[in-house]
Amino acid sequence: MPDVNLYDDEFHPTPWQSTWREFKQSHIALVGLTTLMVFVVLAILGPLITPYAPDLQNTSALILPPAWHDNGSVLHLLGTDVLGRDMLSRIFYGIQVTFGGAVGAVLFALIIGTTFGAIAGMTSGVRSSILNHVLDTFMVIPSLLIAIIIVAILGVGLSNAVLAIGLALIPRFVHGTRNFVKEEFGKDYIKTARLDGASSIQIYFKNILPNMIDVIIVQGTLAISVAILDIAALGFLNLGAQTLLPELGVMISEGLATAYIAPWNILLPGLSIFLMVLSINVVGDGLRSALRNRMSQ
Amino acid sequence: MILLDIKNLTLEIESNGVLVKALDKASLTLEEGEIRSLVGESGSGKSLIVKAISGALPPRWIVTADRMTWRGQNLLTMNRAERRKIMRRDIAVVFQDPMAALDPSSTLKEQLTESIPEEFVEGRWFWQKRRSRLDIARSLLHKVGIKDTQYCMDHYAHELPLDICQKFMIAMALVSQPTVLIADDPTRGMETNTKRQILSLFKNLNKTRNLSILFVSHDLVAISSMADKITVLYCGQTVEDGPFQSVRKKPFHPYTKALMDSAPSFSPDLQPKSALIALGGTIPTLQHLPIGCRLGPRCPRAQKKCVETPVSRKINQHTYRCHFPMHLDDKGII
Amino acid sequence: MLTTLLRYFNLIVITLFILLLISFSLAFFFPGEPYTNLTGNILLEETVGPLAQAFREGNIFQQFWYYAKNLSMGDWGVSFSTALPLYDKIFQTLPATLELTFYAATLSLFIGIPCGMLAGFLHHKKTDYTFMSMSMVMVSFPVFWLALLLILIFSLQLNLLPMSGRLSLLYDIPETSGFVLIDIINSTVPYRYAAFYDAIQHLILPTIAVSFITTAVFLRTTRRAIVDVMATEYIKTAQTRGLPFYVIFSRHVLRNAMLSILPLFAIQISTLVTNVMIVETVFSWPGIGHWLIQAIYERDYPAIRIGMLLVSSIVVFFAMSLECISRLIDPSRGNKQYA
Amino acid sequence: MSFGQCSNNASYRYRSLVIGMLSLVSLLGVAACSQNNEKNSPTGHSSSISGVIYCSESNPGFFNPQIDTSSTTSDASAHQIYNRLLDFDAQTGRIIPGLATSWLVSKDGLTYTFQLRRNVAFHTTEYFQPTRNFNADDVIFSFQRWLDESHPYHHINGGLYPYFDSLNLAQTIKSVKRINGYRIEISLFQRDSSFLANLATDFAAILSAQYAQHLSILNKPSDIDFLPIGTGPYQFKEFRKDQFIRFTQHPQYWQQTERPQQLIFDITPSSSLRFAKLVTGECDTIAYPSQTEIEVMQANPKIIVQEAPGLNIGFWAFNTSKAPFKDPKVRRALALAIDKSTILDAIYFNSATRARSIIPPASWAFSADIPDLNYNPVKARQLLKEAGYSNGFNMNLFAMPVVRDYNPDARRMAELIRTYLAEISVTVDIQTSDWDKFRSDLSTGKHDSVLIGWSADNGDPDNFYRPLLTCAAIPSGTNRAMWCHPEFDATVNAAIATDDIDERKAFYQTANEIIAREIPLMPIAHAYRYSVHNDNIQGLTINPYGGIRFANVRESR
């Protein structure tokens, strides 16, 4: 029996609640969401709960296998690397650096991308179509190339890598927002607002932006997974974060030196990147299908 | 001979936890060479019936019917292959919006020639087959009144005007010489002279080919010009059924009366600038269907008895489902 | 038809011109002297040549003009670290990258799209869910970690496949086209077949590493396109017309699905090239990505500038032509007004 | 009307494909964590084509050891392409005849006469076809090139001869005379007991005079050091930077040894990649195996590991020409602040002996009673206060980018040193760059301190003291500490003036005491030398003086 509603007025779920109900339907999405929450908590509180400082060199325990291995020790749950630094705390710091960097890059790209997209969407005529084409072509330039140029100009370092990836992600948001704005402007509720004499800026902020939030969030989550992969790749090629910073990609490239003797130095950081990206992808995909179902109902 | 016989068809769908009857005991029959029209406001389930007949219902729908036969064969229990054969050979459907019903990526020639059944094509070699298909296609297009066939065939659906496409859809439907043509509101949104052309096309197809037509529409003017029989549908219930003239003169069900009155050209004695007659209230949505007779809340003659669903009664080919029919005293005499 | 071709042609020209402008301005952004960043050798009193002259006068348009002229004539400047002309270095490394990208692209096309079709056509069934979950896992693999895993397992543990380079150095194959398989085929050395077999062995792991992610992306896009097309009105009418299933699927569903995902492939090219450049460094494949990343370590600005210009113009050219092709063969795209 | 049923046999077939894919992914997971289980024979290269692949660690600067002392250059040229008048016997270390069949030393030790070997053929390659065999003119040409400033080929490719300058042989040799076609006579200004040993080092390679004339006719003289011609076992074919060097067998080599059809140097900078290639069989032998991998190699039956005490020294040199490091107290404080035993464990993984002074135990001049500095941060901080740096200072530390026996991972050692120096509030900025740029920065003295080392070229102890710490060695760039101490120079010169072993030992002992007192550099370790190769090849012997010789290597497939 559906719960009795005394006032008998219709319970109209807000768009968010119906998206959430739609999202709850798929269990994989929920599992993805919980793992993502775990990673977010790790990213924020990681450094507080790590047993050791990330660069504390315990010279007595060099290249210790993880605890579940026969000669591993419980002191270092995930073993140690070639300089004796504890793997578990380094991975926690790594998550904070990589995840934080990715979120920073996506926020940067999101803000600039949406404004550009909105402007491109609202203007029309030859000039804007040329501008749109140029922005589209920049979406096609590989992100590693942009990163290489930025590193060549500004030098290596995590902040430059985050900037480079942010720049590489901007075209993606511009493309998404412009298509959405162009579509919305075709709809009637915008025409009525325009008939009431609202300027396109007002329309954008009052009408289009609220509707665009969902699209932006979906694009944002999927962009975070791309950003994590790129930051880790730049760290691996040590174009981004340098060996000082415990970043996951850098840890893998350091683990390379003892790849054959201590494969876990490569596997564990890679596994945490993989799980982080997987959970974000699952959540992003769940959100997108939830949105699609809500729209089509 | 009854071609299509549908009795007490009920379509249910599960929406947030509760089973909703979109179609509640709808019944419909179609004889050979007869033009029957199915009338109802938009959202009353007309297209659902068409989909149920053609089997294009999405799997979520639960279909139950006392009888749903095509020339005696029960459509529900038939397996998909035979059902598809019937659809291919005997029943043809013309949908509402020709633009959406035609594949945007292939030329009309392709779509037409591919739906010509093998049996009509002569010639052993493939080029002979191709030429004979082309001839059949050209003759069909001439029959539906498209003069410049070559131009139409080489272009895509979005490059041609609406009525040409609709005629093209009709040609595609007629390609397998069906015995029944179901037209789902073909003339919606067309201006009058193209509408008149299409309706006259239907009429002489019926005359020349003895093609029985199920004409689904809510445009009474078009129906009055051609329909033999009429079935009126309201919120998924067939409220009235019978020969068009008698239903028009003496509608038994108050909804049919209101429907007939709403067409200005039907009532000659309408004074200029007088208010149009219309029923109060709106059509209830699927979630809030009233129990019993679904016109209940809006019916001027509603009484307590209307709470149970009325049983359909028949007076010489004129069936109705109402406890307090009009033009009839309580003993059922006109 | 002609107007679309023309429109796309001048769009490509404009974009390449912008890329050229960016590569020219990069010389000023990079630390160090712009002239050296452009040509690789220091601007001395006695260096002759129109570009040097333009730099002395400081007139920027002339500099750009002569720079563009030099580029078109093949004088792409000299690399800092090796002082060798960049032209031959690029024509040694670029074919290797194109070769790897080509094999990875074909592999992922021939696996991704059929599986996508299958998943889309049997959607909401077990096969669909297995394909979807598998592609979700494949998409979230970091490409360099995947490459390392493949090396760890197939090269080091199981010792089945070699792990680096394009060809075992024992085989001295004269480089004619730069593509290793083609070179071997039209070379006349006696040990041709052994070399061919060895080159195939060297190709397997990098191609798998690169195509792993792109296959998954193709799979998902194709499935989404097929599911959308199956839900459209005209497919329903085709079904009600009683057309046999294979006609509907092959003629209508496939064609429309492919037309709608063709432009999305353009974006995939850039992720493919990025993955190839990363995989090259892991497998020490002598491609342009590996060379560019070495150039970064040595701060070899002329190499970075020309590498950037070349790779991005190739990627842009392919993407734009793909988009143009999809515009030409897709009649229905015409009516949707272009953004 | 859904389409599921109509193609159920098709989906069955596809389902098996999917399960196949899933099992592949799970295989990825399982096998990844399994340790190095038993593995079958390395695929490497099929037997149809013969050749030995050597994974070298970096690009050679030139193909002539005379003008470049880096061991990469001498590996790629000295032992494979050129021969020398005399050679060292790999096992005993004694001097044996090379291109000179016999030699006579005059009583006063000032004139040496050499009898040269007959019918020794030079290499015939695409770029040069010799018409005559090796004779005295070639020896004269090779010596005059670095001896006489006015020689046409002296200033070709830089005109610097670091090894000869550091030993300032140009001042000791008076003249090189040609007696007849196969005999030459060298006269010196004053006695030098290490002269014969210096002639046997890699750097005294014998070039071809006819090739030099041929090149000066084409006026492309600089090709002599890039397209080399010599008398050695292999002849040069092709070099592609950062990728490979290809040599082919020299058919008319004067020593009858069994050699493979071609020898390839596969340039692989990262040591873990070299080790992986050795395991997969893509390389037959690798350069400078890192210590961490030595144990794993010993456990692997397919790989043969040879070990020999090395004649080398890894040290941490302070640039004594710069401000804080002029004061010996500061240098002593920095030396005390470092715990040498942890560095030995963390970097060398106990495959090196702790160094007390720059002379390794393997040399006859080694003496055990030299005072050693052990870890004492308190004294270090106190010494710093005395020297006036109580709140510390910052300095840069150049870490060698390439791998060498004497310092397998300078970068990681620098990181360890940084954490130690942080305790005595000295901040360290680690700098490393590409090997050529690194060495040019060092020679111009940009470094405050550097982690580098030296491996001997011959058995003579003078080869340690003179190039590393004498004043003459500063311009030639081998004296990394930029340290000039007159008393030290006098002792070293006195040492080579006498032939009596005990006297030379006493001189070297006083030299060690001066170093221990002044600490221009902090000796860290004498690393063992390892030669590693898989069972595809045989006959590779380890050489005490570093470098690798493929003269009598053969494939055992």
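All chains are identified by letter, namely A, B, C and D, in their written order; residue positions are counted from 1 within each chain.
The rule is short, and it goes like this: contacts are C-beta pairs under 8 Å (C-beta built on N, C-alpha and C of every residue); 3 or more make two chains touch, one makes a residue touch a chain.
The model shown is predicted, which means the values in this text are computed figures rather than measured ones.
K.L.:
Using direct touches as single steps, what is the fewest number of steps from chain A over to chain D?
P.N.:
Minimum step count, chain A to chain D: 1.
K.L.:
In terms of C-beta pairs in contact, which of B-C and A-C ranks higher?
P.N.:
Of B-C and A-C, more C-beta pairs in contact link A-C.
K.L.:
Which one of the chains is closest to the middle, using the mean of its C-alpha atoms?
P.N.:
Smallest centre-to-centre distance to the global C-alpha mean: chain C.
K.L.:
Which chain has its C-alpha centroid at the greatest distance from the C-alpha centroid of chain D?
P.N.:
B
K.L.:
Please work out the Cα centroid separation of chain B and chain C, and write it as a whole number of Å.
P.N.:
55
K.L.:
Could you state the distance in Å from the CA-based centre of chain A to that of chain B?
P.N.:
Here the centre of chain B sits 52 Å away from the centre of chain A.
K.L.:
If you average the CA atoms of chain A and of chain C, how far apart do the two points sit, in angstrom?
P.N.:
Centre-to-centre distance between chain A and chain C: 24 Å.
K.L.:
So how far apart, in whole Å, are chain B and chain D when each is placed at the average of its C-alpha atoms?
P.N.:
Here the centre of chain D sits 93 Å away from the centre of chain B.
K.L.:
Going by the touch rule set out above, which residues of chain D reach two or more other chains?
P.N.:
Touching at least two other chains: 1, 6, 32, 36, 276, 279.
K.L.:
Going by the contact rule already set, what residues in chain C reach two or more other chains?
P.N.:
Residues 137, 149, 152, 156, 239 of chain C touch two or more partner chains.
K.L.:
Going through chain A residue by residue, note those that touch at least 2 other chains and give them in order.
P.N.:
256, 259-260, 263, 267 - these are the residues of chain A that touch more than one other chain.
K.L.:
Which positions of chain C touch chain A when the two form their complex?
P.N.:
Listed in rising order, the residues are 11, 14-15, 18, 26, 29-31, 133, 136-137, 139-145, 148-149, 152, 156, 266-267, 269-271, 273-274, 277-278, 281, 289, 292-293, 296, 299, 301, 304, 307-308, 311-312, 315-316, 319-320, 338-339.
K.L.:
Using the touch definition from the top, list the residues of chain C that touch chain B in their complex.
P.N.:
Spelled out, the residues of chain C in touch with chain B are 232-234, 236-243, 247, 251-252, 255-256, 259, 330-332, 334-335.
K.L.:
In their shared complex, at which residues does chain D touch chain A?
P.N.:
32-33, 35-36, 270-272, 275-276, 279, 290, 292-293, 295-296, 342, 345-346, 409, 412, 415-416, 419
K.L.:
Over in the complex, which chain A residues touch chain C? Could you list them?
P.N.:
28, 121, 129-130, 132-134, 137, 139-145, 148-149, 151-153, 178-179, 182, 225, 229, 232-233, 236-237, 239, 249, 252, 256, 259-260, 263, 266-267, 270, 273-274, 277-278, 280-282, 285
K.L.:
Can you list the residues on chain A that touch chain D in the complex?
P.N.:
57, 59, 62-63, 82-84, 243, 256-261, 263-264, 267
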